[in-house]
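Shared chain: chain A. Partners: chain B in the first complex, chain C in the second.
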Partner chain A sequence: MIVDSLEHHILDHARFHLNIFGYNMSITDHLIFITAMSILMLIAFPIIARLKHWKINSLIEVMVLFVRDDIVIASMGKEGEKYTPYFCTLFFMILTTSLVGMIPFSKTVTGNLSVTGGLALTTFLLVNFMGIKEQGLIKYIKSFVPAGAPPLLAPLMFVLEIIGLFTKTIALAIRLFANMIAGHIVVICFISLIFIFTQMNLISGLITIPPSVGMSLFVNLLEILIIFIQAYIFTFLTAIFTSMAIHEH
Partner chain B sequence: MEMANMGAAIGAGLAIIGAGIGIGILAFAALQGIARQPEAIKDIRANMLIAAALIEGLAFLALIICLLGILK
Partner chain C sequence: MEHLLEPHFGLMFWTILNFFLLVFLLGKFAWKPMIKAINDRENRISSDISSAEKNRQESEKLKAEMDEGLKKIKKQSDKLIKEAKELGEKNKEEILITAKEQAHKIIQSAKGDIEIEKQNAIKQIQTEMSNVVILASEKLIGKNLDSKDNKKFTEKVISELEKN
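Then we have the complex of A and B:
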């Protein structure tokens, strides 16, 4: 039963089945929610940025300033300031698509490995693009091997750096995915405890209700904290990887 | 199937032990640093979160593998 409810709650389900040239292009729950959140951000953020005397304006402004001062400038230095829009987009994308999953009857879009994989792929492209743009292709490839490395070790270090480039991307994707899905699994497990104990007998089921509801409420609140921390960490790690690529080391 | 479930459960437990030790050492060092230099709390907290995320990422990697063992 737990596995069934896990599958129903966490996995993606197709609403309309579409088959384009043999590829499965179904309109799924996650697709609907990520499109809705993207459209919401595309409409809401330009309006909020232009309306100066709204209270919500200062709320968003605090977050944007946090991304600029504590993430971008802190890790990339003053010259990184011009890339703030990308990091703001990343931060708010992860934040909104994760927070929408906390509303009942909605789906956590970032609890899908394809979505987080796509986000991590943008990081991978950004890191390589910025490294080639700031250092030039030859210097960027040379910078994989540190300057003082012994010549015998140089090929090994080059291969390790190339592997590390992909590992960093995969680790980013899996970290966000697992963090988002783990909280929901724990909530479902706490709620399922009630049903398991009720099947044994009614009294033990009734006794189990207050602790499991309390614990699932606690995990839900913890999940909101984790969403903010994960959005921060994904953006910060992207900034660190980019700064490692654009500065020779 | 039963063996797969048992293996996944034991694997999850072992992964949590490793991550717990790692996060414990991290928290120990961070709290000691904060206690000695309360004015550096902002930098220490940011760096602690990053390091915690790196450790946690490895633990989650193991847990995903355990989950795949059950759900396949």
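Then we have the complex of A and C:
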């Protein structure tokens, strides 16, 4: 029963099955949801940007300033300032989709490994693109081996750096995914406790209600904190990786 | 639950496409105007601060100038007051001296006048007295005294009277 409810709440469900070139391109709940969120963001943020002297504008501005000063400039320096819009989009994409995922009956798309994997892949693409753009292709590939490395170790370090590039991406994807899914699983488990104890005995079920609801509320609030932290971490790590790719070691 | 870790390439592809579209559109329509507004405000604030600093320095300079002027004026006015006081003191003393002199003169002349008047009065009294004495003596003696005796006698009487 718990597994059923978990699968129902957390997993993605296909609405239309679609296969293109042998790939599963089905239209799923998460796909619909992520599209809806993107459209919402596309409508809301340009309007908010023009609503000067409104409180909501100041709120978003504070976060934009945070992304600019404490993420982009802090990790990439002053010359990274022009990439602020990219990091703002990344930050608000994760933040908005995760926060809306906290609303009952909505879907937490960042709790899907494919979505976080997609986001991590954008970081992978960005890091390599920026590295090649700023340093040139040959210099960028050379930069995988640190300048002071012994010649004998160079091939090993090159391989390790290439592996590191992929592990960084995978770690990004799994970190966000696990953080988002864990809270939801814990909440479902706490709520399921009530039903499990009620099956055993009505009185014990009734006694379980207050601690279960209290703990799930606590975990919910904790999750809101984690959403902000994870949005920050994902954006900050992307900025750091990009900065490492831009600057020669 | 094994589906949890199963990658879904369609969703992944759509997420990437979706994200880059968002980066482009939001960057153009949301973040650019917002960051521009932030930068404008920051520039305005920093220019406001620098102009306020400039104004402060200017006003400080002006205040110092004013203080200097005020000090000068105070010095001058002190000097003027001192001079005026000295002049007043001098004038006062002069006036006092002349007044004293004048009063002395007036007193002296009044004293002289009184003396003259006194002498006149004494003379008049003397003549009156001699007449009275003559008349009284005539009555007493019962004879008319001639003027020679008369005079001698009266003078004698008067000198006696004066002695008394």
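Please note the rule applied: the second predicted complex is superposed on the first by the 239 of 249 C-alpha atoms of A that agree within 3 Å, B and C clash if a C-alpha of one lies under 4 Å from a C-alpha of the other, contacts with A are read in each partner's own complex, and residues count from 1 in each chain.
Basically, a residue touches a chain if its C-beta (ideal position, glycine included) is under 8 Å from a C-beta of that chain, and two chains touch if they have at least 3 such contacts.
Please read all numbers here as calculations on a predicted model, not as lab measurements.
Enquirer: Using the superposition on chain A described above, determine whether A:Ala182 touches chain B (first), chain C (second), both, or neither.
Expert: A:Ala182 sits against chain B, while chain C stays out of touch.
Enquirer: Considering only touches as defined above, state whether A:Asp70 meets chain B (first), chain C (second), both or neither.
Expert: Once the two structures are laid over each other on A, A:Asp70 reaches chain B alone.
Enquirer: Quick one: is A:Leu237 in contact with chain B, with chain C, with both, or with neither? Answer first, second, both or neither.
Expert: A:Leu237: touches chain B, not chain C.
Enquirer: Touch check for A:Gly118: first (chain B), second (chain C), both, or neither?
Expert: second
Enquirer: Output check: A:Thr97 vs chain B and chain C. Expected answer is one of first, second, both, neither. What do you get?
Expert: neither
Enquirer: Could you figure out whether chain B or chain C reaches more residues of chain A?
Expert: Chain A has more residues touched by C than by the other partner.
Enquirer: Thinking of the overlay built on chain A, is A:Thr108 touched by chain B (first), by chain C (second), by both, or by neither?
Expert: neither
Enquirer: Which partner does A:Ala171 contact after superposing on A: first (chain B), second (chain C), both, neither?
Expert: The answer is first: A:Ala171 touches chain B but not chain C.
Enquirer: With both complexes overlaid on chain A, does A:Ile229 touch chain B (first), chain C (second), both or neither?
Expert: first
Enquirer: Kindly list the residues of chain A that each of chain B and chain C touches, one partner per complex.
Expert: In chain A, residues 3 are touched by chain B and also by chain C.
Enquirer: For a test of understanding, state which residues of chain A touch chain B in their complex under the given definition.
Expert: 3, 70, 74, 171, 174-175, 177-179, 182, 229-230, 232-233, 236-237, 240
Enquirer: Over in the complex, which chain C residues touch chain A? Could you list them?
Expert: Per the touch definition, chain C meets chain A at residues 1, 3-16, 18-23, 25-27, 29-35, 37-38.
Enquirer: Could you please specify the touching residues of chain B with respect to chain A in the complex?
Expert: 46, 49-50, 53, 56-58, 60-61, 63-64, 70-71
Enquirer: Along chain A, where are the residues that touch chain C in the complex?
Expert: Contacts found on chain A: 3, 6-7, 10-12, 18, 20, 23-26, 28, 30-31, 34-35, 38, 41-42, 45-46, 48-50, 52, 60-61, 64-65, 68, 84-86, 88-90, 92-93, 112-115, 117-119, 121-122, 125, 181.
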